[in-house]
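Structures incoming, each one as structure tokens.
Next, two complexes with chain A in common: one pairs it with chain B, the other with chain C.
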Partner chain A sequence: MTVEVSELRVHYRTLRGSVQALDGASLEVGDGEVMGVVGESGCGKSTLGKSLIRMDGRMRHVGGSVRLGGEELPIADDRAMQRFRYHEVSLIPQYAMSAMNPTRRIGRMIRELLESRGVRYAEVRRELERRLELVGLGADVLKRFPIELSGGMKQRVVLVLSTLRDPSLLIADEATSALDVANQRAVAEALVQFRDRGFIGSMLFITHDLALVAQLADTVTVMYAGRSAESAPTSELLRRPRHPYTRMLLSAVPEVGTTIDESRQEGIPGSPPALLDPPSGCRFKDRCPLAFEQCATRPPFIEVASGHRVACWKAE
Partner chain B sequence: MGRYLGRKAVLYALTFFVAVTVNWMIPRFMPGDPVQSMLGRASVSDPQARAAMEDHYARLFGLDVPLWKQYLGFWGSLFQGDLGTSVWLFPTPVTEVLLDAVPYSLVLLLPAILLSWVAGNRFGAFAARSRWLDNTALPLSYLLTATPYMWLGVLLAWGLGVVAGWFPATGAYSFALTPAFTWAFLSDAFAHWVLPFLSLFLVAFGGWAIGMRNLIIYELEADYSAYLRALGAPRRLVRRYAFRNAMLPQITGLALQLGTIVAGSLLTEVVFAYPGLGSLILEALNNRDFFLLQGAFLFIVIGVLIANLVVDVLYVVVDPRTRIQMQGGA
Partner chain C sequence: MLTLDRVSKVYRVGTFGTQPLNAVRDVSLTVPPGVVVSLIGESGSGKSTIGRMVLRLTPVTSGAIAFDGRDVAGLSGHRARKGYYRHVQGVFQDPFSSFNPIFPVDRVFDMLRGAYFPGLSDTEWRASVRRGTERVGLDPGQVLGRYPHQLSGGQLQRLLIARALTLDIRLLVADEIISMLDASTRIDVLNLLGDLRAEGLGILFVTHDLALGTYVSDTTVILRRGAVAEMGPTRQVYASPRHPYTRGLLASVPRMHRTWADADAELDSAAGPCPVHSGPGTAGPVEVGPDHFVGCFSDDACPE
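Now for the complex of A and B:
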């Protein structure tokens, strides 16, 4: 199903005020597409992911909307969201390594979760085992405790568990970041394979790794300080980046495998603005070499070519 | 598994050895000589008779041989259940005096420990989910745990015993009765049991409740809870997991707290003149009956060690992580 996020604003309530972690994030994912979501640490990627499935008690929906296959997702309404969770929208969390209850056997935890969501375990058991096999795991992992598994194995179990209900939208938040290179490839390929087999509808693939995005994403959204900076088909974005931030990101990545945070240290001077009290106008203006007077007002996120949207006054 | 238990066994054996040795030293290196104390009671003036009696008592207490022999002999008789002769209740054997008192201590301690643990954990978990309870019950629990056992005992004895007159505040049963399995005696004994039990129970209860409340909140913020909630798991399931995982540190806590609770119960017995080991220790001190004191301490040490062992084994059974690590290690 298609996913449309428009001008989504979600803030964190803190003692010092509200952190404007998402303040105008927009993106569109086509049916069956994989969209890579990239941006420096703290730019709101995980916040975006959480907003689409479950907001925690500190998060507050301030504005904007999310549509899934034309239907509006009631993201601010915890109860109304319930029927979408897991069945329609699912998540591989950034903390997948510690996502499973350490004192329950994995199979039992999965059974208890499924049955609490009204799914008979016996009915999906064979499918579960088949999918575990697809990611290279034997059915015996179900009898084990999480600490008996390696990090890569845990990541795969969570991948299978999260996608077991064939969600229309999967948010994969750094699903490969904690793994070594071989495991990264394997998990990324498993994700694409699951999409090809129809286990997953659309996917938001949140990552720091530009090389992985180049390989498996159909489209990319670059986020900066809680907002969408640029969004385009992957090859288009890599070949013709329009936003100064995207350009600096790409030019600062000399070889594949480098992550955005590493590139920032070498390439882009300065650091992103604090989101507790962000400056008005374009949030990149303090670091932007092209900044001029107009940048004091916020640039709209508009289409500059087919499927290519940019938020910059200088993008033509 | 075997290696783990083996290591534990060595540790327990070592603790036991040190405890027994320290115990053995009590009557021998404390001021006051048990032989002189017996002689003082007899008030014999004839020096020859006095010397003969001195000999007699020294042999009776086993003080007529070199120290190392006394020490070895102590171990020997210990394994035969012989802890010497009481000076205060001469010539009753110490073991007999102790066995009379132990049931009273157990009847107070076991329910107080177990019930406070179970109820405290349940209540703490319950308080964690209601802001109102959290705001009222929590400060109260802090107040309770911060109260010294003896202090709460005195307060209860005075308030509910003396002023309100709801429960008798001293002894284990009324003087007019003799212990028997009759309704009259049992109900009377129960009434006497309530206040000392309550003062032990309340202090421990507060501690467990606070511990549980904090642990539950921590577990509910843990990653596995967040993941379950994101996948739409109902609150019931998330709470069940959190409660179970929060119980594990509470089991360890139980092992750590046993000593404190036992010490508290000794004082509580004294406050309520409850005829258990605590009151016995007081008598032994007053009468300079070091053999009795020694025996009482030994009983307590053995009891606490056994209880600790039980908790240790229990922990291994309930926490898969230790179990698995042990399988890997052994």
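Now for the complex of A and C:
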């Protein structure tokens, strides 16, 4: 199902005021589409993921809406969201280890989890085993304790479990960041395979790794300081980035094999603004080489080419 | 400058330390001045253990580590050890845990002063701290006197390098120093390492990230389960990897302009026979090209 997030604003309550972690984030994910969400730490990408499934006590929904297949998600209402969680919107956390109960065998843990969601274990048992096999795990993992599995195996168990009810939207928040490259690739490919088989509707793949997004995402949204900066099909974004932030971000990542002697790359000077009291207008203007007077007002997030949206006055 | 000769490390794990864990097996390498050697491996490959042994934070089980020809493990006495740390310093992964959050960041410098520069006057000392800070590309006015939470990870990491530079260091052990930094600041720290290298500093750069490892290093050492899988000039290891493990690693690294499927296609040609077992029958890595060494292909350690 399609996911439309428009002008979503979610703030964190703190003693010193509200931190505007998400302040006008917009994105659209098509049915069966994998969207990569990238940005530096503190750009709001994890807050976005959390908002779509469960806001914690400090988070406050200030404005904007999220629609899943045309139906509005009641993200601010913890109780009303319960109906959607797991069945419609599911999550793969970064650390599979902390998502599992270390005192239960995996089979029993899954049974308890499913029953708490009103699903009978016996009914899904065969499907569970079939999917474990798809990701290269035998049914015997169900008899093991989490500690007996490697990080990559655990992450794959969590992947199967999270998607067992064929969710319309899967949020993968840094799902492969704690893994080494071989396991990272295995898990990422399993995610795409699950999408191809229709186990997952749409997916938000939240990561800081642009190269990983280039491998598996159909579209990419780049976030900066709580807002969407640019959104485009992956190859288009990599080849023709329009937002200065995206351009600088891309040129700050060395490719395997480039060396400092051949092509020296530069980082982005400065650091992202504090979101307790963010600057008005474009939030990137203090670090932006192209900034001019008009940047004092917030640029709209508009379409500049088919499927390519940018929030920058200088993007044509 | 720094030489590791068949260094091994066995940890004792399990109940009462009954299980031996071979964290590092027979690793030999050298770090000359002005050269960046990157140790690349997955978690558990022993790369950090090697860094820790060089810094004398963990004793060596067998083999020898020598700095300028002097055995590092054999340094006895406070003065000899202090002399070693004057030349060899380490910077670690999490900058926030290297600073005490209740003191301004200057404290990491002040702690050096008591130990190494008791004779310096206040003015001289302050000038030397400012020089160190400027050398790592920071504006002293913006960072000195601040608290750790007021600075970014990249700034803190550069301050730790500045602290090391205040001493007369010749070797820096950089253990995953950029893993916790954002893409936009990582490259600045890497460029700084590149500049320091040009000034003659030897760097042992420990990382799990192949792209970042190849960006700064002159020599690449790929570790697998504590043993050297492949070692050689970075360009050569990258362009013509010989060990199946290195090839697999290079094919799995996500890249911006190449898909995983294309990488597999490039790998189609066979890796050839294991040079260790088909060669003259020596244990340990075999030289397959100029300065290019390849370890045994089998999953287990080479038969002794």
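Here is the rule we use: the second predicted complex is superposed on the first by the 305 of 316 C-alpha atoms of A that agree within 3 Å, B and C clash if a C-alpha of one lies under 4 Å from a C-alpha of the other, contacts with A are read in each partner's own complex, and residues count from 1 in each chain.
Quick note on the criterion: a residue touches a chain if its C-beta (ideal position, glycine included) is under 8 Å from a C-beta of that chain, and two chains touch if they have at least 3 such contacts.
Computed from a prediction, not measured in an experiment: that's the story for all the values here.
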First, second, both or neither for A:A172, with chain B first and chain C second: neither
Chain B versus chain C as contact partner of A:L113, first or second or both or neither: first
Which of chain B and chain C A:D180 touches, first, second, both or neither: second
Which superposed partner A:L237 touches (first chain B, second chain C, both, neither): neither
Which superposed partner A:S41 touches (first chain B, second chain C, both, neither): second
Contacts of A:D209 with chain B and chain C, given as first, second, both or neither: second
Which superposed partner A:N101 touches (first chain B, second chain C, both, neither): first
Footprint of chain B on chain A - complex, ascending: 50, 53-54, 56, 82-83, 85-87, 90-91, 93, 95, 98-105, 112-113, 116-117, 145, 147-148, 158, 162
Footprint of chain C on chain A - complex, ascending: 40-41, 151, 180-182, 184-185, 188-189, 208-212, 214-215, 238, 248-250, 252-260, 264-268, 271
Chain B - residues contacting chain A, complex: 222-224, 226-234, 236-237, 241, 244-245, 248, 319-321, 324-325
Residues of chain C touching chain A in the complex: 42-43, 152, 154, 182-188, 190-191, 194, 208, 210-212, 214-217, 234-235, 238-239, 248-250, 252-257, 259-260
